[in-house]
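Per-chain residue numbering starts at 1, and chain names A, B, C and D are given in the order in which the chains are listed.
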Amino acid sequence: MTAKPSQPVFTLTTGPVNCYPEVLSALGRPVYYDYDPAFLATYERISLKLKQAMETKNVPVILHGEPVLALEAVGISVVGKDDVLLNLASGVYGDGYRSWLEPHCREYLDIRVPFNEVVDPAAVEAKLKERPDITVVTVCHHDTPSGTINPVKEIGAIVAKTKAVFVVDAVSSFGGMDILPEEVFSDIFITGPNKCMGCPPGLSMLAISDKGWAKMKANPTAPRGSILSVLDWENAWRKETGFPFTPSVAEVNGLEAALDLYLDEGPQAVWARHALTAKACREGIKAMGLELWTASENFVSPTTTAVRLPEGVEEAELRQVMRDDYGVTISSGRGATLNKLVRIGHMGPTARPIYALVAVAALGAALTKVTGKAYDVGAGSAAVMAVIDTGK
Amino acid sequence: MTAKPSQPVFTLTTGPVNCYPEVLSALGRPVYYDYDPAFLATYERISLKLKQAMETKNVPVILHGEPVLALEAVGISVVGKDDVLLNLASGVYGDGYRSWLEPHCREYLDIRVPFNEVVDPAAVEAKLKERPDITVVTVCHHDTPSGTINPVKEIGAIVAKTKAVFVVDAVSSFGGMDILPEEVFSDIFITGPNKCMGCPPGLSMLAISDKGWAKMKANPTAPRGSILSVLDWENAWRKETGFPFTPSVAEVNGLEAALDLYLDEGPQAVWARHALTAKACREGIKAMGLELWTASENFVSPTTTAVRLPEGVEEAELRQVMRDDYGVTISSGRGATLNKLVRIGHMGPTARPIYALVAVAALGAALTKVTGKAYDVGAGSAAVMAVIDTGK
Amino acid sequence: MTAKPSQPVFTLTTGPVNCYPEVLSALGRPVYYDYDPAFLATYERISLKLKQAMETKNVPVILHGEPVLALEAVGISVVGKDDVLLNLASGVYGDGYRSWLEPHCREYLDIRVPFNEVVDPAAVEAKLKERPDITVVTVCHHDTPSGTINPVKEIGAIVAKTKAVFVVDAVSSFGGMDILPEEVFSDIFITGPNKCMGCPPGLSMLAISDKGWAKMKANPTAPRGSILSVLDWENAWRKETGFPFTPSVAEVNGLEAALDLYLDEGPQAVWARHALTAKACREGIKAMGLELWTASENFVSPTTTAVRLPEGVEEAELRQVMRDDYGVTISSGRGATLNKLVRIGHMGPTARPIYALVAVAALGAALTKVTGKAYDVGAGSAAVMAVIDTGK
Amino acid sequence: MTAKPSQPVFTLTTGPVNCYPEVLSALGRPVYYDYDPAFLATYERISLKLKQAMETKNVPVILHGEPVLALEAVGISVVGKDDVLLNLASGVYGDGYRSWLEPHCREYLDIRVPFNEVVDPAAVEAKLKERPDITVVTVCHHDTPSGTINPVKEIGAIVAKTKAVFVVDAVSSFGGMDILPEEVFSDIFITGPNKCMGCPPGLSMLAISDKGWAKMKANPTAPRGSILSVLDWENAWRKETGFPFTPSVAEVNGLEAALDLYLDEGPQAVWARHALTAKACREGIKAMGLELWTASENFVSPTTTAVRLPEGVEEAELRQVMRDDYGVTISSGRGATLNKLVRIGHMGPTARPIYALVAVAALGAALTKVTGKAYDVGAGSAAVMAVIDTGK
């Protein structure tokens, strides 16, 4: 008999994730009036740190809602009734973006691939040649419900040769791997601090190129005076400017702590521990005879490991056993991937290789219980440790 | 020579306000996955505490953005193309609500009064008789930029006799005075935790009557699948249900601490200290020969004291002196009241009578510096203390 | 290449331990003047919660230094120049207590056993018969450097039949297993919140029987007006009384959070998860072919697992590999057990079975590296998970 | 009717004091094993910051108990049976130090002055000439129960010419005014973070000269292996060394935040705001017709303002009214000054001039209530603000 903990021991999900202790601490900093000189200076300083982290020419924009706000706001701000839009859909999130794009455009086009595959840049190139009137291309970099990574740099290089603006959703990959707005030729790059940056959900971050700003400004239906406005925030980072509405002061304080950690540790080091954790996890999974969801490890995510569910396993039951018996919470699939896979997150504070051990052993042990078939937890654990050793 | 503190000593603004220490502490609680049983249970428990605090039949809705999100979302969710809308505008916020209402309705009507007055219920009654086709009535209870309190209970009783739904913006009054959704016959009651509840900005709270829900459900243009959707959140509070998108976990944890404090201290006691603080502040202000902004103390706010600026005083200069020389941050006016008044907030943790002393003395001393005319800080301070003594 | 984390990922030591998040949060509560009515009431309330947790008749005493203070203070407060003292020494701590006992007494006697054994109650009985002039018996319940548990209840029952007072050091066992002051017939029971209660080091807690108080009061050399005084604190818990000197306000606030957690979860449940974690750890250790330090599992600690180092292994090197390569910090031996064993703590927040997996796998992998011999991490991990499954 | 707050609104005491928010936050940092490389490095880094703040040649020692521990430990560590000791007693604390000095020395001498006076350096010089066998001179720099500042620099220059070691208790002055160990020729300088540094009580800090170390090392009765040992901690700051016993990890983390704040703001700036706050407070007190306790403002403390109680006023009643009616907690006298004065602290975060307003107005209003005689709160408040204006 062991107590079922009322709280999880380990949260190894794809978000919301555990926060860094420094972030949790920063959330409790004194809350100042948003127009107090102290907060205005803080906001500018954080925006500049964000610029440094995102390595952009323009100062990024912070929006005051979790990334679904940014995705919807970008959709309505960028896309107008004259636009021809190409959405690259390789997963539930990329495909689902349609609902915030199609209503605003003249014509909605997409390239869809199976949700365990990624988009082929050649297909994008062909489509853009076929339809030179395309004005907006959208893609989800890391389609979290599949754990796949689209080749956005290659795609971006192709889009950049056209008039189209390139919108990249990098919500769950930025900060956890080598993905930077300007390196991938994005015009609007959407991310948030609540995944690989180790913050709670509540903010979004946008890196916008000159071409991106121009596109939104030229869009007559881009909102102003709305929570969905991106344009209103263009200069909000400057301490001399005001805010369109009250920013989320505590979340902003938390973001500063996350940026400090990220810049202090160094992006390369942060990415490396995400990658190693994911690799350790994958090898552990495979050593237990389980399959990865992704069709190839060439485009597997370093921040999420999606594990294909064995025939007949109910994800809800499996995850409940992991939670109740071992204290480990992981993520289910979403939409089309629901009940086809489970997902282990490697994001921010949990992107430490040793967490892969916990995830693998708990998953194997829970599957053994749920299926009655023995999954080799020992082999999985040993494989995890062996990968960690390669990382030294 | 004294150091100019880089941080304010006292934040006596109308929001964002200082948070209760318990709230700051709660913001740093571990962040769990939103679908973890622990968080689902937390969310339901908090929603039920909110129901208790708001004394409603239906469980209130939490939206995951500061109250401008709720105001815009309610506007678009309630008002459709067949609606005739009556907006009661006695200040910058009430009047400004027009921008989120008028675009959606068939006809926009309003009753406007000077921004230091409040709306006369008789005028509302007359208008509703004149225009029985009015389907929505909106009002800002506490028009913060003016520090005035509209007689929403009287107005609500009138509206309740018609078919119209009654939308009340009580963002900066709920939790600081005797204002409850059902007592004022509201159908949609909008507030937030970042004023009198002593939380940081980042959430909104909505109390919605059956009539209010029915109106939104009957509105064909009420958004779904959007940050602006209210309908999507109807059942999100239930631990068996999901969330339309990721809730702001840390802010929600902070809200729980605020609700615990509020319910433990008792609403009556909380309201009483807001009222006494405001009264002490007003008497201090008047004792220095200054004028209140409001035309009458009959409708003055217990959570905000608006002080008319003496002729020729620049609010920015005045507030800067208060901040630099005494460490006290207060609020300016907004829009039409900008540079006509300054505002002292009495909200949540600063709704303690002794804070009125700080505000009054700092204001008097700063005015003396800025104008060269002597404001009697001693008389102001003494008046504050005298009022506090009446409160025992 | 993976980054060597500048901070440990897991602290699985025998103390200082990771604190519960609620404790860390409570440390940051506002610090009040110690004589403010709010703090006086807090101190009394906490003292009474401590009484509840320790299940004692008298209100326990809090001393304001980590448990070495309490051990030294008890030594000098209890033992006077007429005392004949019997110290039961089965480990480094028990044996080391001599230095704070012998200088004060007329005659120092001890029963010493090898440091991987425990004291035999029959030997105590014999000694007490042989020397009826013994006035004080001291024992370390859980000799942490050995991970052994002395049979204090049996010993206490024997001592209770004599005139001797029975002093029990339960610093690292109270709160993690079935050990209560009155159940073991102790007169002075010394513990601290910084082990199984999940607090930081900085306080001690003493449960003192009437006989214990009488003994100290009768001791002419028991200090007063000193940091080493126990007597000064007898009534400090009462809100009407004062403090001999300023208490550690923040630590006291942290202790309250720990007591709340402990009482809410229920001692039985807390003890059960300590026991299961330790058992899982032991089985994992043994499955890798390692030996426990303790001569028998009959008296092995549920809060510390001591692992005998294989021949030729340097503990410092081993622990460094665990820390650098896997992010796991564990404890070394102390004094006579140094470099003979390493220790894994299961205390407070780390007394969750899944942590045993982390400790076992990291230990096995590190030993493999350090020795060049393969330790079967997979077998160890599987054994851990198997034990956890027995606990459901 | 206003609620009697269960918690004080303002803690304007002479300690424990309100902590800086950054300190409260730091107390909640993760607690690491004391021998973890991360904590060893932290401890060394903090010790070096402390050296910088104290401007000493030798690295200061941190003791893990509030300053009474340090005072007692220094007494027993420095003073041996051959010592002739001169204690300079100008207040309750200085005089009271006798109890920890006299028992250890060959001969105890003192110079006592009335407790609202300070020690005359000439008297010290005379005494040292008369008794060249004096080996230790002790003095309390800021005798907090009187709010007086002894001329330790002048005294130190005199002692430095003799063989005697000079022990200075600067517990409640260091960090709040211009007092540095080497500037005052001290050999042992005792202070703590829980007064002007804005930390909670729980640690002490000692700056020790070479002569001071030599004296303790030469003292055969200086304790080792005891909580009272200073010698044991000599090298504990080095990350290669160990700790005599477990340090108070959380308090140490808090101290780092305090040192960072102090060094960032700059000692001169910190001292200036302490001085201005005290001056504003004194002028406000006098403007209400009250008398300072100190015989002359030449030696009045910038960190504590002691106010002589008017005839017939009970301090307990007065302070209770201040607390109940205005939410302001101040300190009583101690020992010989109890019920003769009350004390207002200006320490750390409350050393901001505007706090003097709160203290003065609350004191005046409460005295009015308690005595029935009108104290001119307005005049007091105006005087406070006038002094603040001189500080710009």
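What we mean here is this: contacts are C-beta pairs under 8 Å (C-beta built on N, C-alpha and C of every residue); 3 or more make two chains touch, one makes a residue touch a chain.
Here is each chain with its UniProt name: A, B, C, D = Alanine--glyoxylate aminotransferase family protein.
As the structure is a computational prediction, the values presented were derived from the model and not from experiment.
Centroid distances built from C-alpha atoms place C farthest away from subunit B. Mean C-alpha position of subunit A lies 35 Å from that of subunit B.
Look at where the CA atoms of subunit B average out and do the same for subunit C: the two points lie 52 Å apart.
Centre-to-centre separation of subunit B and subunit D, using mean CA positions: 44 Å. Residue positions of subunit B touching 2 or more other chains: 25, 28-30.
Contacts between chains leave no pair untouched here, as each chain touches all the others.
Subunit D meets subunit B in the complex at residues 1-3, 5, 9-10, 28, 265, 269-270, 272-273, 276, 324-328, 352-355, 357-358, 361-362, 364-365, 369, 376-382, 384-385, 388-389, 391-392.
Residues of subunit D that touch subunit C in their complex: 6-8, 11, 13, 15-19, 24-25, 27-38, 64-66, 68-69, 72-73, 99-100, 194, 200-202, 225-228, 245-251, 254, 323, 329, 331-332.
If you check the complex, the residues on subunit A that touch subunit D are 21, 25-26, 28-30.
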